[in-house]
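By letter and in written order, the chains are A, B and C; residue numbering begins at 1 in each of them.
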C-alpha cells in the first residue's frame, strides 16, 4: 500500500467514531425529523403522512409567533448585555491584583449551579414582595417591579439570571486576554495611551476573534433557552411572557403528542439559527482582527 | 506494546461504571411474587396514604407485589414510557388525562375486567363514574375524588360586622361582603382582601360554569365565548376594576406557598376562597387556630338553579397499553375500589370517597368537620368536571391565559374569550379529523 | 521633571488599582450574594425562610437540614433518595468524560494530523453541526432509542459521548495543529505507527487541552437537565438535576430549606474541583486556541 493510501486509511479509521456517530446520532435524526415534520405523528400510533399541513398550521398558530417573539426579545435583551458585561468583567479580572484566584472563582461559580437550584434561588430572589433583589433596590430608594408576576418584567429577570451565569464566557475571554502580547501594551504606553485607549485600540481588537466566537455561541444558546424558564414559570406565565420556542416545542412533542408538529418547529428553529449565524458572521467579519498569536 | 497502568485503571473504572449503570436500571424482582410496577403522582402524606393501601394489599396475599414509585409529571412520563414500549403496569394520573390517553390509544379498556370483578356504575357517585367512562368505554377507575366549596374566615367576618355563621349565598352578596372585609394599610396597599377569583386560581377554566355556561358542546364545537362565559369573565374583571389589578397582583405575589403558614387564606390575608375537600387538613397543619367554616359556593342571584355548584376532580388509575402484568395490576385496582381499600386511602388523604356507600366509621373518623357537605355537593346535579376532550391540556392552557389577560385587564372578556374560541375551534376540528384518520388507517 | 512625572504616574496607578479593587469586591459580592443566601437558607427552619423582611442569619443553625435532605424517606418529603441520584449522576459523568476525552482526541487527530481526501469538507460540516439545535433531533432520537430499547436506561446519556462531538473535535483539532509536525516526522522515522504517534507524542503533550475537554464535559453532564428529563423514567434512575425537582411539592409547598441544602450539596464538589483546577483550566483554554 502506498504511503498516501495508508494515511488515508488511518485518517478514516481515526475519524470513524465521529463518522459513525454523526450518521447515527445526527444525520439520521435530521433526515427523520424532516420526514416526521410532514406527518401527523402521535407517539403511540404510526406516523400518517399529511403533506405540508404542519408548516401551514404553524404559520397560522399564534403561539408559534408568540414564542418566537418571546425568544427573539429575550435574545435581544440578553446577548448585547452579556457581551458587554462579560468582556468588561474579563478585563477587570485580567488585572494584576492580589487574590485574583478568589475573584475569578467567585465569578465562575454561579455558572456551575444546576438549573433547578438556579431557578428556585432566583424565583425567591425576584419575588415581588419579599425578594432580595427588591429589598436591595428598595434600600437604595428604587421602587422595584414585580419581576415574576409582571409580564413586562419577566424576560428582563431571565436576562439578569443569564448575566449571572456568564462565568464560562468570562473564562474564555480571560484565556484570550492572556495571549495579548505585552509588547503591544508597552508600545501603546510609550505613545502615551491611557488605560481606556489601550483597551480600545489594543485589547479589544486582539480578542475580537473570541468575541465573535462567543457571539455565535451566544446566539445558538439564547435561541434554545429551555431549562430555567421551564422550571420557574409553569406554562410560560405570566400571560405567556416567558413561553419560549423550545418550551412550546417540548410541549408539542411530549405533552400534546404532536411530534410531527414539533419536528416542523425544530426545523424552522434550525433555519433561523443558521440564518442568524450567517448574518452575525458576515456583519462582524470586517471588525475581527486575525493578527493573533 | 506496553499498556500503561493509567489506561488499565481507566478501563477498569469505565467497565465498572457500565456494569453498575446497567444494574441500576434493571427492573426490580421479588422472589416468589409477580411484581407490578405502579407509578403515582403523590409524595408526602398523600403518598404515604397510598403506600399504606399498597402495603395492605401486599400483606393480604402472597402472589402479587405492588411496587409503588413516586414520579413527578407522571402523566407525561407514562405516555413517554408507553411510547418507548416500557410502560409501568399501573399509573395514577389525573381526570383530565383520560380523554387524551384514550384517544392516543395509550391505555387499556377495562370493561371486561370490571364486569368480571363486579365493579358497577351504580356503586359510584355519578360525576366520578362519568369521568372514568369515555366514548362509552371504561378507561380508568377512581382513586381519590375532590369537590369544592366556599371556605370563609369567621373571625374576619366578625371583625367586619358580618354574622360569622352566614356565608354569602349569591355572588352579589359575595362581592358586597368581600368589600366590607377588605382593608388597606396606611400606604394604600392591600392588607386583607375579602375575595378575589385569582386566589387560589385553580379552577380558572371553570368560572363560566358558575354562571351556567360551558366550554364544549360535547361534539365538534368549542363554546368558549358563550354569553354566560363572557358574563363570568366580566365578573372576574369587576374585582380588578374595584381593587386595582396591579394592587391585587402585588398583593398576591406576597402570598407564600399553598402548603405553608403563609398561605393567603391560612395567614388570614384573604377571607374567602374556593377550595377543595383537602383544605381542612392543610389548615390543621399550617394554622390550626384558624376560625373557619365551609358552605356551597354562591350562585348568581338570577340563577338559583345553579346553586350548590361544585368542581369535581378525580385522581384515576389506568393500565397503560403494553403493560406486562395487566391482570395482576387490575387485582390491585380492584382492591382499591373496595369500600375498605377506598376508605383507607381517602381517609389517609383526608378526602371523601367516590363511592355511593359510606361507612359510619369513615364519617366519624374523618378529620374534616364538613365532610358531609363535600359528599353532598359531589352527589348534587351541579357537580361540574372538566370537559372530556382530547385537547384539554391546550384548552386549559388557553383558558388560564385568557383569565390572566382579563384579570390583569389587558383584554376585555369578550376579546379574551373570542380569542380562545378562534384558536381552539380549528384545533378541535383538526384534532377530531386526525382521530378519524387514525381510526380509518387501523 | 522626570521624578514629578513618575510620581504622578504612580499616583495615577494607585488610584486605578483602588478603583479596580473596589470594582472587584462589588463584583464578587453581586455574584456571590445569591449563593450566600442559598447557604443561609439551607440552615434555616421552613418558617424562617418565609420571614418578611428576610433574615440572613437563622436564630439556630439547622444543620440537620442536610441530613434530612439527603436521607431516604424523610417524613416531610416522602421518598427522595438523594444519594442514589448522586451515584447515578457520578456514573454517567464518569462514562461521559471517559468517552469524550478518548473519542474526541482520536477524531481530532484525524482532522489535525492526517491527510485524507474530503477532510476539509468534513471538518467544515462538523463545524456546521454545532448550529443544529437539540430540539430538531430530539424526537427522532427518542424514537431511535426506543427502537434500541434504551429508554429508561442510562445508555442514551453516555453512549453518544463515545462517538465524538463537534465542539470538542474543534477544540482539540485546533490544539493538535499547534504541535510541531517535526515531532510526528521524527516518530515516524523511528518506525512508529499512527496510533503510536498519537499515544506517545500527541497525547502526552496535550494534557491541558484534554483537561479542558474533560472539565467542560463533566460540568455539562453534572448539570444536564433535558437529557435525563426525556430519557429516564424510573425514579430510582434519576440524576441530581432531576432529583432536585422533588423538593417542589405538588401543591406548591416547596421545602426551601431542604432544597437549598440539597443544592449546596450538589454544587459543592463542582466548586472544589474548579477551585483547584482553575489555573489548568484557563491555561488549557488559552492553549487550545479556543479563543481564536
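By definition in this document, a contact is a pair of C-beta atoms (placed from the backbone, for glycine too) under 8 Å apart; a residue touches a chain by one contact, two chains touch by 3 or more.
For clarity, every value in this text was computed on a predicted model and none was experimentally measured.
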| item | value |
| --- | --- |
| Longest centre-to-centre distance from chain C, chain (CA-based) | B |
| Comparison of A-C and A-B (more C-beta pairs in contact) | A-C |
| Mean-CA-position distance for chain C and chain B (Å) | 38 |
| CA centroid of chain A to CA centroid of chain B, Å | 36 |
| Inter-chain centre distance, chain A versus chain C - centres from mean C-alpha coordinates, in Å | 15 |
| Interface hub residues of chain A, defined as touching at least two other chains | 129-130, 254 |
| For chain C, residues that touch 2 or more chains besides their own | 52, 230, 245, 254 |
| Residue numbers of chain B (touch at least two other chains) | 80, 83, 254 |
| Sites on chain C touched by chain B in the complex | 46-47, 50, 52, 76-79, 87-88, 91-92, 94-95, 98, 142, 145-146, 149, 151-154, 158, 230, 233-237, 245-246, 249-254 |
| Chain A-touching residues of chain B, taken from the complex the two chains share | 76, 79-80, 82-83, 100, 104-106, 249-250, 252-254, 321, 391, 393-394, 397, 400-401, 404-405, 408, 410, 423, 426, 430, 434, 437-438, 441 |
| Contacting residues of chain C [partner chain A, same complex] | 16-17, 20-21, 23-24, 27-28, 31-35, 37-38, 41, 52-54, 103, 106-107, 109-111, 114-117, 119, 122, 126, 129-141, 143-144, 160, 162-164, 169, 194, 198, 219, 222-223, 225-226, 230, 240-241, 244-245, 247-248, 254, 256, 259-260, 262-263, 266-267, 270-271, 274-275, 278-279, 281-283, 285-286, 290-292 |
| Touch list for chain A against partner chain C, complex | 7-8, 10-15, 17-18, 20-22, 24-26, 28-30, 32-33, 36, 41, 89, 92-93, 95, 97, 101-110, 112-117, 120-122, 124-125, 129-130, 132, 135, 164, 171-176, 178-179, 195, 207, 209-210, 213, 220, 223-224, 226-227, 231, 246, 249-250, 253-254, 259, 262-263, 265-267, 269-270, 273-274, 277, 290, 292-293 |
| Chain C-touching residues of chain B, taken from the complex the two chains share | 10, 13-14, 17-18, 20-22, 24-25, 41-44, 46-48, 69-72, 77, 80-81, 83-86, 254, 256-262, 282 |
